[in-house]
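In the two complexes below, chain A is the common chain; its partner is chain B in one and chain C in the other.
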Partner chain A sequence: MKKQYGKLLVLLWAGLLAWIGILTGSARAASILKVGLLEEPKTLNVWLASDTWSRKVLGQIYQPLYVREPKELKLIPWLAESQPQYDPQKICYTVRLRKANWSDGTELTSEDVAFTGNFIKEFKVPRYYSKWRFIDRIETPDPRTVKFYLKEPRAIFLGRTLTTPIAQKKQWEKVAVQLRKAEKPIASLMKTKIEKPIGSGPFHLRQWKQGAYLYLCRNEHFFAQGKSIEGMTLGPHLDGIIFKLFGTSDAAILALKKGSIDMFWWGIQPGYLQDLKNNPNIQLFYSEKSALYYMGFNVRRPPFSDATLRRAIATLIDKDFIVNRILQGNAIKMHSIVPPGNRFWYCPDVPKYGEGLTKEERIKKAFEMLKGAGYTWEVPPLKPDGAIQPAKGIKLPDGSPMARFTILTPPADYDPNRAMAGMMIQEWLRMVGMPAFAKPMAFGSLIQQVKVRRKFDAFILGYGRLSLDPDYLRAFFHSRNNRVRGWNMSGYTNPEFDRLADLSAKAMDVQERRRLIWEMQRIIMRDVPYIPLYNPKLIEGVRKGKFEGWVQMLGGIGNVWTFCNLREK
Partner chain B sequence: MELRRYIIRRLIQIAIIFYVILTVLFLLFRLAPGDPVSRMVDPTMTPEDAQRLISQLGLDQPIWVQYLYYVKNFFTGNFGHSFHYGKPVVEIIWDRLPNTVLLFTTSIILSALVGVFLGKIASWHKGKATDAVLTIGALVTHTVFLPWLALIMIWLFGYKMGWFPITGMISEEVWLDPESGIFAKALDVAHHMVLPLSTLFLIHFGAYLLIMRSSMLETLKEDYIITARAKGLSEKVIRDKHAAPNAALPVVTSVGLSLAFSINGGALTETVFTWPGIGRELVFSVSHNDYPLAQASFLLIAIVVLLANLVVDVLYAYLDPRIRY
Partner chain C sequence: MAGSVQKRAGFKGAFLEGWEIFKESLLGRIGLTLILIFALMAVASFIPPMIDPMYHPMHGVDPEISFSTGPSLRHWLGTDFMGRDILSQLLAGARVAFMVGVSAAFMSIFLGTSIGMIAGYMGKAVDTMLMRLADMIMVMPTLLVVLILSSLFGQLNIWTIVLIIALFRWPGVSRVIRSQTLSLKTRPFIEAARVAGASHFRIIFRHIMPNVLPLSFLYMTFRVTSAIIIEAALAFLGFGDPGTVSWGMMLQWVWKTGHMFKAPYWLLPPGICISLITLSFYMLGRAMDEVLDPRLRKEADAS
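Up next, the complex of A and B:
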């Protein structure tokens, strides 16, 4: 009897091993790209998706009228056929559509575009409404022409409104009917489940096995298939994309090394780099991001209401140390609020505080700035012979001692770089006698403290995905936004900046707007309510040898150009 | 009769405790830093847009109004929709729960069976090499840091040897293949389960082994064991029929409660192995202030644990005739 049990066990074990062999040895016939994600997309409802993972998937399904080309980041027609025609008399843009179809084979028409805009406006769809609220009406004279009438000229129309994903009227009309009946339409919209999104992008949803993978198939109706745009003959040349989920970077990187995935669509941390650099099967891409990590001040109250003090602090901060030592060289220094990778809008001639100075020179310069503004010390940071000494008892120009202040940072388990940068800044400020204390705080509390309670001295925060349109300058620093939950967290108020910001918002001439945006950057970097610190590089890894045609642009290789251009070797 | 009165008394206690938990959970999430809207906004969203969203989610109501809605919704079986998934939380929980129960229940039962068996052996060979090896082995595996062990398992058996999938619960090769039958799919899940199950087994069996060993050593000092020996019964019969069933009682309590707690999964295990269970959802919902999902998950855990306590107590009375309520 025991022998029989033994045989059965051996048979079961052999069966399991054989199955393992079948699984590991199974070949992939179709040309399918396997992409590793760290989290599961939360929804396929394009109007609800607020997480990175849903947007990565939905970006392959829903398409806008215009997209940024990869080299100069200029807006080029996508679902549109040509550049929009502007009639300044009527404040009207006319957009002519390409011949395009939805993934269900039906034609994409101007009705779909108008429906999308009207849907966003009617239901005040969060995250999109601010880009459409200034549209007065949308007309569709024929199936391939859309006319947008604006209430007033708005510069973000081109870069933000026309880059909104277009939804199919047929699919969303039923939703709109339901929402009109709902007591709380936004809440109802957020509960709307879309199981099979119909899009006009290069791929469409084939299967979503929740918790495991999401499979997108090639959209045979994709308008750009076989077309040459920006020097690329677009596909998609892939049969599909499978998004696989990994709970940790460790597991995803092992899967990449093993060949279980072809691309890990997430920034690789410096700790993994050496290992991956030594792996002949892995190719790494180092890209600039549209990101900003910065130190902000509460300029509503002393001592940071004094711009000289803020400039002195900017001078004391050693950005080279932060970039080279804390971020191990995987970042670039920031001197303006607009990232340098956003070449068109980045103003290169802003003041670069402390640039190229040694530690002693920075202390001397900050000391001179502060002394000139009336600050005094019990023990100044410079001895009479010019040598550096530990400073003590700094006093404000009115003679009162500078009170202890805190620099709020996210905790090290949330972002070790920002927590460490806070500690280093604390030390640099203490060199001139400032009673600075870095205080890591839970991210949610930090945001509440800065945006809602507004009781703070200084903070270090960041934006990982800044829009390519620089209208955020207006959001961050216009005095109108200096209110609870407003984006002007520093409480910065400058009528001249407000004037330029309002002009820039209405400047429809791109060169004129650039001039205004550059001037706004100069003003901000003169008054420094924020000190830009760094912009981390995005490092992404792919398998060599199987696919070619990766397109690198600001924000990395995970973009519509890559997925339309990629093909099997 | 006494038992029935005891059960009724306990059910009333459970109802009161549950109501307290219901209230504490509500307050905990409202008092926690951050708000759900802060995760959904970007610089293009005006404060008015944010306020509109808050209002539509009902988060601008006074806290006591929110509480009344919360209690009413609970008692009418309406657990709400997840802020992030946009789906009813019940649907999300029912999606994830079977995966968690499958992995964790299997691991607990397996660990308990092996732990009891080895604990029995260790106590029987007290002071000998077998006891030393088993006890030290149990202590070592039980105290290993779970994510570290999990990563080592993934690296060794998933990456280096390539015997098992690195993470996940299913392979797309099998599930996308129209020719794959139910048997192939079941085997695929089993294949994916080997590494997380082995890791959980290694971490947990030691605890049961140590409980069983300690309980068994106490039992072996009892008079009825001496009586059994005096009757001339074989050592195997004394160990397996007389000592072990009595010594296993503390393990029953432990297993009962572990089974109840297993429905919350293990955030660490599920994260490292990308096991699509409820533990990962709990972490996500708490960290993203997804109140409806977090509250419903915790309430489910609370009710199961409270009822499991009752079941264990009743089971105890059934297994040990000396215990009467």
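Up next, the complex of A and C:
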């Protein structure tokens, strides 16, 4: 009896040791990148993913035909094999596909591409429809060739349409059938849940533990595996990525310092920098962003229907203060709607209001501009001897007193910088006697007020991810978009601008398009329906030592290149 | 005429007697001293902006400093992330704390006392209705309601916050006042007033109110505490009035700019001030409790 117990004990021990061996052995073998996120992805339905967290995760799964390379941001073939062939007679683009597979092993064919395009068109998928609506039909002569016939030449086709993520026909066809039966297809699409997204990217979803983490595994079928693209031998060289959720930057940065995550995929606030710089285990990346933070006016009604007043306000705003103090130097000033980092499209010779002026000079200049346009004061901001004094009772050129107006900003808990910028702008405008009031407002209500009700005076908003194609310039200021829920939130209308914008949309010659885009920027900065304020820099932190091969590009290190190139040291 | 003089002497006498007892209480003395210090701070908050516009708590920045620095001669408590003086913010914060605390407490006491007296005196249906209303409001978590309201209507103005706090904090007071009124209304002097033909209004406000007011003021001190804490919590979470420099707001800036563990000179002062001011009002309340409730006093004497 005793002997048997002894045997059993030995067996148990052996089993335990083997188990530990398996555990530690597998842990050593697998190279898993741990990435900290602030929030959980809202959805894994790629057509609904409008929040940054869902896009970060889905970006590893769904891939487009063309992507931008990290250095010059040129479009290069990704799922496609070569650059698209254009036939101007038929307004037709032909794209050849690489040999690629979905993560379930099936082949990615031209059928999938055509299905994706037709799906977006049929169900008017939000955020993608505008990039596909001008496509007349899509043909698939063979499994590796797709022909896109356009209704008319469109400049955004390459940069916007061909960068749409491609979805698998097999997975989405069932959804499409359901949607066709539904009374309101878009509403049903909004409710469609995708548990296991099937993509063609370097990783695929293994497990999503709600509220805790997401585990992405290496996609064995990834097409670029072992290929050399842009001088990088692509992997993925990682076995997987774990996305951990933290809720606050404080907790995530602590985890980064302790080493429980390898990368924190979110901009780091300047306050943490000093500490992280001194930490030998942390490496920081400073990247430019394609972003626009701006102050917009309601030009549909007084007082901001007057361009002189808008120019005076642009003069009064101290962008250096906003950039150096509120953003702690982690941003660049903007003078045009197109960010300066977008070198090809950015027009450098636009009017730069108030640039290099001191506070007194700003007040004087704004005062002269306003006085010249017929504005009067009870107490003007300048004394007869030229000294500055607190101004009072500003009156519009028609003699009526300027009514108090509000500058809507997002609330401090959403974006402290914009809320603070609003407060400071309020103070600067009050220096010349304008009854300005900054009012932070819940983000949803702010958008409602500006886009739907359209009863507002001015606002401060931003686009954190501005596309690299400057077609947004047309969207923001074309009079056609001056409608409820339209992009033209200012209500700016200018027939000359509309004409140039329409031309630019159809210009297939890049140089010609650039000339038009530059001219459009000049017009906008002359009339200033938006005052561009700043473009924040992105600071990201990773652990040194364990992984190497981070690829930095516009928008930071969190890109498909990094995840395909990263390997354990 | 002679009667009113006598009455005044009575009030004065009662006050002096109360003061004697209050003086004995260590808690009361500490509380009162702290409150006086904070009051001084609030008054002093007007001074720095007069010395130099860079000391304006909201938009005055040091022209040479554009990041957070530690204490120096020029900035006794240092500067915040954009070069604003922390001491002037702290002083301005005292003003806001008093404003929010006292006005919210006063409003809720006014409401609570009136409703409590009416409910207690009228009894029956009026009592049931008012007290059920009080119950309903009492179970609502104030902070949560204000959070929801501010996310619905956008960021709230400081006076709106004060009003909401007042509207949600009266039921506790009204319950106590009601029970006091219930016991008062059976006393002979009320009976006498009724027999003499006094109206309900007169009885409530002329005869009952003077007897419940001390209790109301006692509760006011506790309400000040909760109002200050709610405002600070709101501001810290980013739902405060961004145009006001309150201590909660300062904490929010520390947090949001990532200076939480880097700048103790910026984090600690507002934190300590919030703790101390609420503590001081609480201590004042406890001491007043002893003045008003002889049972507590005797226990204290015995020990």
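Keep in mind that, in the parts below, the second predicted complex is superposed on the first by the 541 of 569 C-alpha atoms of A that agree within 3 Å, B and C clash if a C-alpha of one lies under 4 Å from a C-alpha of the other, contacts with A are read in each partner's own complex, and residues count from 1 in each chain.
As a working rule, a residue touches a chain if its C-beta (ideal position, glycine included) is under 8 Å from a C-beta of that chain, and two chains touch if they have at least 3 such contacts.
If you're wondering where the values come from, they're calculated on a predicted model, not measured in any experiment.
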First (chain B), second (chain C), both or neither touched by A:Phe264: neither
A:Trp345 touches, of chain B and chain C: first, second, both or neither? neither
First (chain B), second (chain C), both or neither touched by A:Lys209: first
First (chain B), second (chain C), both or neither touched by A:Tyr530: neither
Which superposed partner A:Asp413 touches (first chain B, second chain C, both, neither): second
Touching partner for A:Trp102 - first (chain B), second (chain C), both, neither: neither
Touched partner set for A:Gln328, first chain B, second chain C, both or neither: second
Chain touching more of chain A, residue-wise (chain B, chain C): B
Chain B versus chain C as contact partner of A:Asp250, first or second or both or neither: both
Which of chain B and chain C A:Met190 touches, first, second, both or neither: first
Residues of chain A at both interfaces, chain B in one complex, chain C in the other: 250, 442, 445
Of chain C, residues touching chain A in the complex: 58-59, 61, 66-68, 81-83, 150-155, 237-240, 242-243, 252-253, 255-263
Chain A residues touching chain C - in the complex, by the definition given at the top: 249-250, 253, 268-275, 321, 324-326, 328-329, 411-414, 416, 419-420, 422-424, 426-427, 438-442, 445-446
Parts of chain A lying in touch with chain B, wherever the complex brings them together: 16, 19-20, 23-24, 26, 28, 39-40, 42-43, 45, 48, 50-51, 124, 126-127, 129-131, 156, 160, 184-187, 190-193, 207, 209-213, 215, 242, 244-248, 250-251, 254-255, 257-258, 260, 442-445, 447-448, 451, 463, 465-467, 471-472, 475-476, 481, 483-487
Residues of chain B defined as touching chain A within the complex: 32-35, 38-47, 49-53, 56-58, 81, 83-87, 95-96, 99, 151, 154-155, 158-159, 162-176, 187-188, 190-191, 270-276, 280, 284, 289
